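In the two complexes that follow, chain A is the common piece, with chain B as its partner first and chain C second.
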Partner chain A sequence: MKKKILIIDDDPAVVDYLTTLFEDNGYAACSAMTAQDGLKRAQKERPDLITLDLELPDEWGPRFYRKLSSDKELKNTPVIVISGLSGNKYAVSKAVASLSKPFDRDELLKIVKENV
Partner chain B sequence: MFKKILFATSATEACDHAARVAFDMAQRYNAHIDVFHVLGIPSRGYSQVVVDVKTGDEVALDDNYRDLVKEEIRTYYDHQIAKTKNWSIDVAIGLPHREILRIARLMKPDMIVMGGSTGASGSYAHKKIVTGSTFQRVAKAAHCPVLVINRPAGSFWGGFSNVVFGTDFSNAADTAFEFAFKLVKELNCDFHIFHALDITGFQMNNLHTQDYIEDQIQKAGRQLRFKYISKMENFKDYAMEVWEGIPFVEIVKYAREKHADLIVMAYNTKKTDEKDASIGSVAEQVILRANCPVISINRSVGK
Partner chain C sequence: MSRTILIIDQDMELTEALAVYLERRRFDVHLADSADMALKMINDLDPEIILADPNIPDPDNIAALQQIKSLKPKIQFIIYTLPDTFEKAMELFQSKAFDYIKKPVSSIELDLSLKKAGKWIALEKKIERNSKKIKDLKNAQALFQQLFDEVPCYITVQDKNFRITATNRLFKKDFGHEIGEFCYKIYKHRTTPCTDCPVAATFKDGRRHQTEEVVTSKSGEQYHVLTWTAAIRDEAGQITQVMEMATNITQIRQLQDHLTSLGLMLGSMSHGIKGMLTGLDGGIYLLETGINRQDPKRTHRAFHQIHVMVERIRKMILDILYFTKSRELEYREIELKKMIRSITDIVQPSASHHNIELKVTTPPASVCIEVDPDWFRSAMVNFLENAVDACSSDTTKDKHHILLNIFLKGTDHVCFEITDNGLGMDRETREKMFTLFFSSKGSKGTGLGLFIANHVIRQHGGTIAVESEVKTGSRFEISIPRTRPIKIL
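Entry: the complex of A and B
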């Protein structure tokens, strides 16, 4: 069964790009454009990994992560922060990695492979 | 709770993360934000020739120059101002800490928001080992809480809902507690009351037994309950913990562990000279290192 990745980003171009990238590399992908929707999708889909933008329309990434980590079923889901904001590396301290946009697709795939 | 915010800024990259929090607070809590910038220091007393704090150039000060700087600040924060209802921009000349304290006395804000030290334009204070001297002087003398965001990572929360109050049981900590408790009640936050037991004597061969350390932890726990529970009446969303270690490290770790979006602490140091304060109060080290905004409160707040 394919490993599933949840993409949380409010930029449709980034969502499209990541969806294609993950699907082309043998993963299943689903997405959400807000933190609230992201949490619902995570609870429903039980993804093996989440990519998280820091600046979402309804909430900032660290607050989303706080909610995620208080859910017993989801708290160990690896999260990769993908953001264009400076300082993003330290924003979610328990993220498995943080990448700045524009990011290197090979680096992202390598991190995903290591964590799912 | 936050109706008037004074955002003291160098209007450079060093204050971008503080701006993110200040404008977010203004929008979220429907507050008025005054963007305040000290544009220059007079080259001599009452001189109209000032040294521009951003460029380091000597400039002749007139209304045109003030307007020009205001417009520059307006443009710099255009993105955030566009989403903010109540805002103003003020500029002043003089020593930054004096002017910030002066306008704070006049404006009586609920909160002063600052970035870390600016130093040379574009540099970040977290790369230094001490907080900015402007911050130290403002934090020591301000009559209102001072919120500092030193690391960009501390600016990605948006609002307050999970607050850590760090106490050393001092009188200043009592003032800080009053503010923190008022904040958590009004904003319906989770409240984490924390004391760090200082065991740094360990590094000076003052090795305690584990029984002694755990006795001290229990004693501090009793002190926490005795001091604060009665003040919280029917409020239930609180937790109390004592950890042993290096106090500022433990507070930063505790806040990270609890996913805190705000730390409230007393600012105790009497020293404002950068050299003397470089080893710093616990609050200063927490400000430098925290992953969330830190509010420091001195004893004169609210008096």
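Entry: the complex of A and C
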């Protein structure tokens, strides 16, 4: 079965890009534009990996991550932060990687491959 | 120091006797046997007193004596003469001679006369010195007045009640000539003294105080000023008045504000730019893989994506350019319908893309308006694009529409009413939407669009009214004068 990736980003252009990129590389992808929706999706879809933007319209990325890790079933899901904010490395310290926009897609695919 | 005295008399025996007497009295005595001879001597000798027998029958001698007096008016003349010509001498010399003595000369008379002359000379010298001092003082005062007037600051001198007792030229130019008015009234149009007044502080402790204030000139302009105060003391050292010097730093402050916002803008913008670049990367990825796989659907999507991203980047760059360069409006007369068509041409594609109906109603008659077409268009496009965004982000309704209704208001205004049934705004968004860098659109917004649109409308002398309700939609009413306003603040 294909590994599933949940994309959380409020910019439709970025969501579209990541979805296509992951699907082209043999993953299944689903997406959410808000933190609230992202959490619901995660609980429903049980993704193998999550990419997370730090600035979401309803909530700040790190807070979303705290909510995610308080869910027993989800807390071990690897998270890759993909954000336009500089210095985002420290925002979610338990993230498996932090990439800043615009990111290198080969690097992203490599990190994804290592973590699912 | 001994006084120099010149004796003029034909009678050399008498003059020599007088000389001996006077030298004993510590005078520096010189002799001349005629006025002509004296005339030749006076320049080098420069005597203070001349003792002369005018030798009345000799008109040349008298004329020469009078010439000496007019050449050297400071020399004090003591005329001595025989009793029978005494009155004649007085007639001739009048008040030009200091004193008249009869021959034979009595020593006591001569002593007294010379003493008086000495006193007189000393007095005249003192007067001369003082009048020179007064003249210097006057010059200095004129110089200080000139400095006071020409200093490129606003200077006021104030009493304990903050009444202005003196002002310099620049102050008069920008704040008026009133003397005796209250500082707080002239500068700030207040009816009571300001809190934290530097003048009051200086009256209290005698030290200098510095503050930064915003003041309003008589023509209603606001200036940022940096004020310094200094105490003015009387002879006893008591502070009687305080001088306040205010330097206009408006330009510096404006520049600083501009730089600050520029920095803020670049900071807030870098995030947006990064998002756009990522979107552009996505478009390029789609294009690349679309071409490789010969997938026309994907290639088509790629073009759309790149198009949208390039538009967003273009708009952001134009916003930055607008912001970094404040420019004057370039007014042109343009037909209203033509202007509206050029606006809807830009907005129509994105409205259609999101399935939003754009309905436009215009006044039937042909109307011309005077605006800066480029900036006015970009402002209107901004409002309409916001309406498109408000509709496309709203998922609660099946059908969306934007109504652009243009109508004439009175004889001199034209109104652009934009109504949408999109997301609507809450109170906070409504109040903040025209402020710099406020955006309700997350990563899509830069916070510049409405700020600039608002600025452009105000530059045109126009107004914007907003009504909005969450989930129902928004209504903007933009009203501008049909012709260029006379003065724009």
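Keep this in mind: the second predicted complex is superposed on the first by the 116 of 116 C-alpha atoms of A that agree within 3 Å, B and C clash if a C-alpha of one lies under 4 Å from a C-alpha of the other, contacts with A are read in each partner's own complex, and residues count from 1 in each chain.
Everything below uses one rule, namely that a contact is a pair of C-beta atoms (placed from the backbone, for glycine too) under 8 Å apart; a residue touches a chain by one contact, two chains touch by 3 or more.
In this text the structure is predicted, and so the values were computed from the model without any measurement.
After superposition onto chain A, the modelled positions of chain B and chain C overlap sterically. Judged by the touch definition given at the top, the superposed model places A:85 against both chain B and chain C. Look at A:103: by the touch rule set out above, it reaches chain C but stays clear of chain B.
Within the superposed three-chain model, A:76 lies out of touch with both chain B and chain C [touch as defined at top]. When the shared chain is aligned, chain B comes close enough to touch A:60, but chain C does not.
Which of chain B and chain C touches more residues of chain A is settled by the count: it is C. The superposed model puts chain B in the path of chain C at one of 259-267, 277-285 or 457-465, which is 259-267. Residues 55, 85-86 of chain A lie at the contact with chain B in one complex and at the contact with chain C in the other. Within the complex formed with chain A, the residues of chain C that make contact are 270-272, 274-275, 277-283, 285-286, 289, 305, 308-309, 442-444. Within the complex formed with chain C, the chain A residues making contact are 9-11, 13-14, 16-18, 20-21, 24, 53, 55-57, 84-86, 100-103, 105. Taken in their complex, chain A has these residues touching chain B: 54-55, 59-63, 65-66, 69, 85-91, 93.
Partner chain A is touched in their complex by these residues of chain B: 16-17, 151-153, 155-158, 161-162, 256, 259, 261, 291.
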